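Think of it as A, B, C and D in the order they're written, each chain with its own count starting at 1.
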Amino acid sequence: MINIGIIGATGYTGVELMRLLAGHSHASIKIVTSRTEQGKPVSELFPALRGIIDLEFSAVDSEELYECDLVFFATPSGTAMTQAPALLDKGIRVIDLSVDFRLRNDQEWTKWYGQEHTCSDLLETAVYGLPEMNRDKIRTAELVANPGCYPTAILLGFLPLLEQGLVDTDSLIADAKSGISGAGRKATMTTQFCESSDAFMAYSAGGHRHLPEILQGLQSVCSDTVGLVFVPHLLPIIRGIHATLYATLKDNTIDLQNVYEQRYKDEPFVDVMSAGSHPNTNSVRGNNFCRLATHLPQEGSTAVILAVEDNLVKGAAGQAVQNMNIMFNLPETTGLLSPALYP
Amino acid sequence: MINIGIIGATGYTGVELMRLLAGHSHASIKIVTSRTEQGKPVSELFPALRGIIDLEFSAVDSEELYECDLVFFATPSGTAMTQAPALLDKGIRVIDLSVDFRLRNDQEWTKWYGQEHTCSDLLETAVYGLPEMNRDKIRTAELVANPGCYPTAILLGFLPLLEQGLVDTDSLIADAKSGISGAGRKATMTTQFCESSDAFMAYSAGGHRHLPEILQGLQSVCSDTVGLVFVPHLLPIIRGIHATLYATLKDNTIDLQNVYEQRYKDEPFVDVMSAGSHPNTNSVRGNNFCRLATHLPQEGSTAVILAVEDNLVKGAAGQAVQNMNIMFNLPETTGLLSPALYP
Amino acid sequence: MINIGIIGATGYTGVELMRLLAGHSHASIKIVTSRTEQGKPVSELFPALRGIIDLEFSAVDSEELYECDLVFFATPSGTAMTQAPALLDKGIRVIDLSVDFRLRNDQEWTKWYGQEHTCSDLLETAVYGLPEMNRDKIRTAELVANPGCYPTAILLGFLPLLEQGLVDTDSLIADAKSGISGAGRKATMTTQFCESSDAFMAYSAGGHRHLPEILQGLQSVCSDTVGLVFVPHLLPIIRGIHATLYATLKDNTIDLQNVYEQRYKDEPFVDVMSAGSHPNTNSVRGNNFCRLATHLPQEGSTAVILAVEDNLVKGAAGQAVQNMNIMFNLPETTGLLSPALYP
Amino acid sequence: MINIGIIGATGYTGVELMRLLAGHSHASIKIVTSRTEQGKPVSELFPALRGIIDLEFSAVDSEELYECDLVFFATPSGTAMTQAPALLDKGIRVIDLSVDFRLRNDQEWTKWYGQEHTCSDLLETAVYGLPEMNRDKIRTAELVANPGCYPTAILLGFLPLLEQGLVDTDSLIADAKSGISGAGRKATMTTQFCESSDAFMAYSAGGHRHLPEILQGLQSVCSDTVGLVFVPHLLPIIRGIHATLYATLKDNTIDLQNVYEQRYKDEPFVDVMSAGSHPNTNSVRGNNFCRLATHLPQEGSTAVILAVEDNLVKGAAGQAVQNMNIMFNLPETTGLLSPALYP
């Protein structure tokens, strides 16, 4: 049994970690912390966990964290970089679901997140936790930077094209749509039911905080300079990301479908659907799959890749559990094979 | 391993059975049938099951059904009563999720369902599969009539009051609201997105087909004549039933909360929440709990009981699996402890 | 032209007043105020009003208010009672959409709203603005207390039965469901999209703040003591209230349908649908109708009345405009005959 | 008064025409027809129109149509081309909201709609009813082909760039998302609530039927060959289209915002929002505006244009009424200035 701590367990990512780990045969949640809900039973804040999770929220600096084998951070930016070093020093492995360790360049980090990075040395040793790119490094990592939701879908969608040099890399377009849980569990006007249901809009079209993470990932697999236009949209669904990706093929006679099928044939959580498919976000509601489909409209030179995932699972907590499985030499799919909740 | 057949696996109840049984440690789905989709892979019709269920739909009269230990009917009314007898004759146990065997009186059945009942003898031997009422009979039953979604929530909500003779039984009111999946997987105008989202209405206020089943259940636990007004409403959510129940207490000084806690203290899937709670349908999304709360507004004589369940789980497929567990002497919660999908 | 001021125009009730008055042939909005948005163009906060309303938010104590013929308060509790007296003193008529003047008894007011009432003398002279009850008094009123959303639907539903003494008045039940805009335009967790969509729950079952207003209204039309159980629910739609009302008939052979048709035959905004109908909230989305239907399930003694309205229109701003029309001797339907937005 | 007939008034476009015309000061609906609902009151099928529209559906070949000044076709493809010629012969003007007269090339029409075009001569004389392109021709047109919902949003978004030759025309991308009412009022599985709510998917990525109409429109305003990738998506909202448009600027130092403001400064229904805006579909819910915003992410060479409209209003019935106003020399905004329904 892996003894688990979760720091920041009151957000959607934290509660999703609890949901997934509750059914994991080789992990046991020992402690969950909260700045604001200390002492309150988890099941009081989250009635969905009544009868499932029998823990109270602990203080964020509880000593019990040091008895864990693995600590997840499901915290706002700036927390993990403060608190992770002490855990790592004691040999406790860390998976950070926040943005703190995702960029290698601390100046870039500061530019986008508006604060100094207090342990930039860890930026170099942290492993970017996208198993489909970095499985081997994850296996032995002490600190895994778990990818963001948009980056996961967009990277999995573009990787085959970039790794094999099949497209012009300077004019990629990612038109992405995210369910509202991507905005986190907090009370804002924009995400009020009356403002966001029966509504749709783009946001941050001028530059979203996930852009540097996506660019870094894309650039890491190709030598040409990557240029990306990334326009996120707020989608009136609870869970789910749909990325519609556009790239100009150098040669439009390649077998696009085959490229994807080959690239992902051994990946347990990447599902290349049959040619001409249109994956629906509801086919991954609550599970860890990323489903992809390839299109070449009008047999032109623009490849269109469709990618869906559950932003809280493959885009966050599920991928974190997948990384945990890799780090602890468990079968990679352990605890992650529940079917999507349909309808 | 229990070998399972599912007849009528293309409806929401059928696909939910597949979802739940896919993660069941002691059951194995051998065959699923469909009148209309014979030969098609299950995962083609239901992409949510890609990588999970690797079966094709078989013909409804496939011989393979006779190799099963247990067959579920998830069919429209009139099918199970035609096809179940042959299975029962060969010693195959049957759980019928349709209405065919829920009423003991065949004339009542004909009155509400508009067709003759072709095997009324089985109405007497069929066991009504509400574990909280009939656990012992279910254990040895050959044929279980799995309760409807409205009846489950309403019976669990009223039972403690009626069993103990605490209320006037002739003026019960059940104001119930059901998610749209309760209408089944078929294309109708009423349940189109543009007609039913951002909308709410009652229906069948003059008399709904589940009324006789509810009355029969209520009457079975008390000697006074039961009178019930049952008004169902169509709720713009996918899954979930919320029943708001009203009954006049004979003595309003009783400890209502205690009555419920005692009645259900050993029930694994009935959750009596603390006094003053308001259970939310989203706290049971995808799982088998029925959550209850008791209220006594203005300390008057009207008890208000709130009950929520997932109509496809505790209200259908989950309860069917619970019944299967009982019938096959498995721990009753096997395969049914996944947390609700929140958010 | 009636010169209009709106105090508190940033809430949903305020913006709805602007929407309705923008198309009113005899009213002209002169000033709208806001505590927090002073100086900002209305159309910046509400892009839906771009090209329609060309005003900026003014300070709440702007002198321009005194140039109006009529001032609407669309403010939280406690504001109108502070600010209305000065306007009334100058002969400016006031329609208050808040709760400040709805109860006649100031102690009852204090009990439910938790603050002292600072001008309890006005509680006696204020006219309760339900045209179907008080049309004549409204005509000459200086101060109209515009009814709440729940009270409007529930009063219109019960009035015919109580006025004519047809039911037992001590055991009325109102099971009401409100769209989320009823909670107002503010950022709360409960009304976040991820918490309230695909979800349903009761709230304040132990006693909701609208209860005394409803009781006062019901009691005003009958001599027997009124007892009411009122259970509100949060419905995942933007606009709309559905009230399902239950009452025990003294004589169930009366022609229930006829009672309603006669009572409301001259009412321009109460629509008694044909017997057996189930009014849908989407049939009044954005317009001022309250639609009613009568049912007598199983020919028993419990009358079931279904009532729908748009909580922001007939339940708030539309009714306020209807009251304005009456006060200023305009045809009562002026500006209020837009069809509902369907689909 | 313009006497109006509506052929095919039971679809969402037809009922929307009735909603808009009910409040039009210079138009009077004389007759509405239906193949399937003949003899039924309009308000029975559409309770939202109770008290507003007092007509019954007539037969589609009713002689009364010949007493109209203007007939709208809101019919499936293939109907208008059969029935319009007889009306035109009698001097009755026609606005066809279907696809029948939108393409100039009958072979292209047959290719996409799978049937022969039976009056291809009218394809040449029909005027494409996008006022922002063809206002003068519309004024005198006998037959107006009212644009589709996707084409309207996409053309209005791209026109300024193409008319002025500012972009490479061979690699345009339109990533468009449509509310579900765009699929029409009919019972299909895809648009069932349980299938389409809390869900999102692309469709027809390989080639959608609106593509030739869009290409024809774009091509008509520039001399270089236009290449467009158009990917539509099904958005879980009732009304609204959001088009996210991408084009490569020849010179990224132009003042993009100014180009749009100048182009549309006299257009009553095109709203160029301030630079950096993100128009929301809910800001046009129920009204005739198309709102646009311009972006130049990372100061690169890809212009991103955001366009929203209500697919049933500016994308269908509202634009048809706008065309009617132009044809009959009324102020163009007559009957079309209702604010959007927000929230």
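To be clear about the criterion, a contact is a pair of C-beta atoms (placed from the backbone, for glycine too) under 8 Å apart; a residue touches a chain by one contact, two chains touch by 3 or more.
The shown structure was predicted, so the numbers you read here are calculated from the model rather than taken from an experiment.
S.K.: From the options C-D, A-D or B-C, choose the one that repeats interface A-B, i.e. more than half of its residue-numbered contact pairs are shared.
M.R.: Matching more than half of the contact pairs of A-B: C-D.
S.K.: Among the chains, which one keeps its Cα centre farthest from the Cα centre of chain C?
M.R.: Max centre-to-centre separation from chain C belongs to A.
S.K.: As a quick test, compute the distance in whole Å between the mean CA positions of chain B and chain C.
M.R.: Measuring from centre to centre gives 39 Å for this pair.
S.K.: Would you kindly tell me how far, in whole Å, the mean C-alpha position of chain C lies from that of chain A?
M.R.: 46
S.K.: Indicate the residues of chain C shared as contacts by at least two other chains.
M.R.: Expected reply: 12, 181, 185, 194, 197-198, 236, 238-239, 279-280, 282, 285, 343.
S.K.: Along chain A, where are the residues that touch chain B in the complex?
M.R.: Chain A residues touching chain B: 12, 15, 18-19, 22-23, 46-53, 181, 185, 197-198, 238-239, 271, 273, 279-280, 282-286, 289, 291, 337-343.
S.K.: Which residues, counting only chain B, touch chain C once they are in their complex?
M.R.: 171, 173, 175, 177, 194-195, 197-203, 205-207, 227, 229-231, 233, 235-240, 242, 244, 246, 248, 276, 278-282, 285, 295, 297-298, 300, 302, 304, 306, 308, 343
S.K.: Quick check: in the complex, which residue numbers of chain C touch chain A?
M.R.: Residue positions touching the partner: 12, 180-181, 185-189, 191-194, 196-198, 236, 238.
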